[in-house]
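Order as written gives the chain letters A, B, C and D; numbering starts at 1 within each chain.
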Amino acid sequence: MANSKYEYVKREFESDRSLPASNWIVVRIDGCHFHRFSETHDFEKPNDESALRLMNACATSMLEKFRDMVFAYGVSDEYSFVFREGTEFYQRRESKILSLCVSFFTSVYVMKWKDFFPSKELKEPPYFDGRVVCYPNLKTIRDYMAWRQVDCHINNQYNTCFWMLVKSGRTEKEAQQTLKGTFSKDKNELLLQQFQINYDDEPAIFRKGSCVYRAKVETKVKSDDHGNPITRTQSVTTVANVDIIGPQFWEKHQDILHEEK
Amino acid sequence: MANSKYEYVKREFESDRSLPASNWIVVRIDGCHFHRFSETHDFEKPNDESALRLMNACATSMLEKFRDMVFAYGVSDEYSFVFREGTEFYQRRESKILSLCVSFFTSVYVMKWKDFFPSKELKEPPYFDGRVVCYPNLKTIRDYMAWRQVDCHINNQYNTCFWMLVKSGRTEKEAQQTLKGTFSKDKNELLLQQFQINYDDEPAIFRKGSCVYRAKVETKVKSDDHGNPITRTQSVTTVANVDIIGPQFWEKHQDILHEEK
Amino acid sequence: MANSKYEYVKREFESDRSLPASNWIVVRIDGCHFHRFSETHDFEKPNDESALRLMNACATSMLEKFRDMVFAYGVSDEYSFVFREGTEFYQRRESKILSLCVSFFTSVYVMKWKDFFPSKELKEPPYFDGRVVCYPNLKTIRDYMAWRQVDCHINNQYNTCFWMLVKSGRTEKEAQQTLKGTFSKDKNELLLQQFQINYDDEPAIFRKGSCVYRAKVETKVKSDDHGNPITRTQSVTTVANVDIIGPQFWEKHQDILHEEK
Amino acid sequence: MANSKYEYVKREFESDRSLPASNWIVVRIDGCHFHRFSETHDFEKPNDESALRLMNACATSMLEKFRDMVFAYGVSDEYSFVFREGTEFYQRRESKILSLCVSFFTSVYVMKWKDFFPSKELKEPPYFDGRVVCYPNLKTIRDYMAWRQVDCHINNQYNTCFWMLVKSGRTEKEAQQTLKGTFSKDKNELLLQQFQINYDDEPAIFRKGSCVYRAKVETKVKSDDHGNPITRTQSVTTVANVDIIGPQFWEKHQDILHEEK
């Protein structure tokens, strides 16, 4: 099956860049033109819970599909996926990993759309871009996730204020002016004073974003002769809206980022 | 909106690699595990025309969506997209271009599935991987496309023989043995002698693959006072199953790969 | 000769990036901290002819050493070396090419120092940094060299004025102020009016920089029986201080950048 | 000072690749064609102590010149230099770091040649190639250095045997045959039986290679009024021919690879 004459275009021009070994690999996916997409599909502002749950369902499918993905964190139209430090997934080839992650995520997004928006038809193809970043140790990968969650907090607090102001009659420009230069506690104050909203009571999925990981769960599989339960430890892909900046979550789930020998 | 403490993870670890200027950019997309996917969905062998037409529809959407994409060539579960030499699409950033091409293609594939397979439900998420390759001049980009079409020919001729043998009662192993070491003309002979098939009469979409490009078309838009037609030149995204190895196609469509000044 | 246990550090972490095929490869070398180096060694201002001739001698050695280097252009403490478009020198591996070019140049620089500065001892190690850039076609590689020569002109004209002013008694600050915002013709005027210098009469090595290439030269090798000369075409590495922005030089020396088939 | 028309060749084609943060950076330098170079200059076989000491002197100059270089290990015509994990040397730009390290090393090599070979003239320019490799953590950087020292041992033991055999009258081919397939202890046995050489008594500079690092040294600077010495801790660049595979050296010199916070 020779096709010699033209094959040089592969040999001389293609190259397979591999990501450096012993680094955590992050693939971060981000909605393209989702501002318009969310308007076209009447997403609620500042957060559309169905849209977030659809994102979470896609992320769950990702972890169920790709064994070397150990953690995912999502907020708004963005999701970060973490491959374990020593993964040999596609020999760590960057293009392979990036393209198939983005593609699989997109595919599931379109397929599951009707489960989360049964009465809304997809009016245009949703699509995502992505990038790959390597983190060489526990500190930096933990800080990466903290960075995304701090970002989630900052954006969500701002957006919550902004849309309360708009819904109460301000123009978008006025809302922007009102919030300009305010600090975190000013925004909390504004929500409380003007709208009787305690920001901390807002749903955790909005405030904290979503974490996806495999949790070990004891399940009763049958009973023994004396009626005592016989259990088996199962790995269940789980979504949680919790703090991942502090150490508690990671101490409780040490196996997630357990460094390999 | 500062979140200073963790932002270093972006600044220090992310990088945006740009593709070199003055190079044709090819994004080649390839189905992941499509052997299994095609069995799960009962694709016809060796070619499922509906599946090919779905691929073509996705490629057409790509060219309609992305103005700097000037040509696409597809065969089987693979499609190559060519961006014009001087494109500044996303500042030629490799990850952006790769990820959003693969994602948009996948999205359209799932959305249009029911148009091409109205009675088959999607049983699993189809997904694709992709790669980006740069070609520095007309000769190499033309040779790239010739390479893919030669590949199409070689594979399709082999597969046509293989599946005729299998459908006529051989095992897959026997079919493989029969074809081992045969040349192109042996295969044509086999098809003719045993199955009365003239390979050149097979549908061009199987033998040649599919090209997608914008063709300039004269359209009558209205008539003048004397009843003479007033026409306008329109650019229409077109699919053709033609030879792109020889010079004829390219001479006829010089604007497609017209090098910029 | 196994040393298995630690060899993974090579396999998993080293990589050999190759430069894309069908591109002209430029290695540009630049003196590190040569401002100080030139003061330490009392280089004449604005141009030290011995120092320039030493640079040219090193460049000549480069072209004599590396057959696939077809052209070099130097100005001040900088030199650009052009490898032919299709070179397979070290399989086009970037690190190999960069490092050995910079190293060989440096080695010759130190070895030949005493030939050009017989009465000055080297007081500190001269060293250079370098970078590799690829140019995909004739236009861009020609424009690259034009860019360097335009730069040479701009800098040399400025420096000629600056040092004439300083030598005539201005402080460096005053000289800078005088030249701020002046155009090319203002500087020519200044040189003519204040110093009776016609800039075009300055030595070409200062104004044009230096080109190094192989010229074909007819040499008489012996005489035939009738006393007629028998000649042989030889390739002689040549230094010329000429314009390479316009087409004349390149038309006369077409073999230098002759694109390969 | 505009030269707009051609400047695009810089903007569009040059790029500055930075090495990933939080990684130890190794620059490994290797003599080009040093087999021939060592013959041209009559180096002693299997080891020329003057040549090794010249290499060590160059490495010492490197550590004295570049503050962020924390360690170097050399064997034969090869030297590895380690930059500290968090270095911002030239913003971690790969080409800068590679080129100037190789260049400075080469420059010192030529300048110091006469100190180590006072009666031998340099007959051709010595030059080196180099590469840059990143190691993400203490384990991998330690294993890198172990890899090089294991290599040193294997090669030196082989070469010691080989040259003893040749000096005792075998042809190079016979020597090769004799050693083919032998293990480490066979070679020790051979040296002992045939040449009464205890390999462990060979000079450490041959067996272990050379380490260069900064050692903290207490120096008496003056005396106080009572005649008691007043000392100051000084950092002195040191060469040692010691084991760096085991933990002892690193435990004793913890500051060398002390990970930064």
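Going forward, contacts are C-beta pairs under 8 Å (C-beta built on N, C-alpha and C of every residue); 3 or more make two chains touch, one makes a residue touch a chain.
This structure is a prediction, so every number in the text was calculated from the model and none was measured.
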Chain labels contacting chain A and also chain C: B, D
Chain pair repeating A-C, as identified from B-D, A-D or B-C when over half of the contact pairs by residue number coincide: B-D
Centroid comparison with chain B (C-alpha atoms), farthest chain: D
Type of chain C:chain D copy interface by residue overlap (half), same or different: same
Whole-Å separation of chain centres (CA-atom averages), chain B against chain C: 46
CA centroid of chain A to CA centroid of chain B, Å: 31
Cα-centroid distance, chain B relative to chain D, in whole angstrom: 52
Shared interface positions of chain D, touching two or more other chains: 8, 13, 20-22, 134, 140
Graph class of chain-chain contacts, one of line, ring, star, complete, other: complete
For the chain A and chain B complex, residues of the former touching the latter: 1, 3, 5-10, 13-14, 29, 32, 61, 95-96, 98-100, 102-111, 122, 125-135, 140, 143-144, 146-147, 150-151, 154, 158
Complex contacts: residues of chain D adjacent to chain B: 8, 12-13, 15, 17-18, 20-22
Chain C residues touching chain B - in the complex, by the definition given at the top: 20-23, 134, 136-137, 140
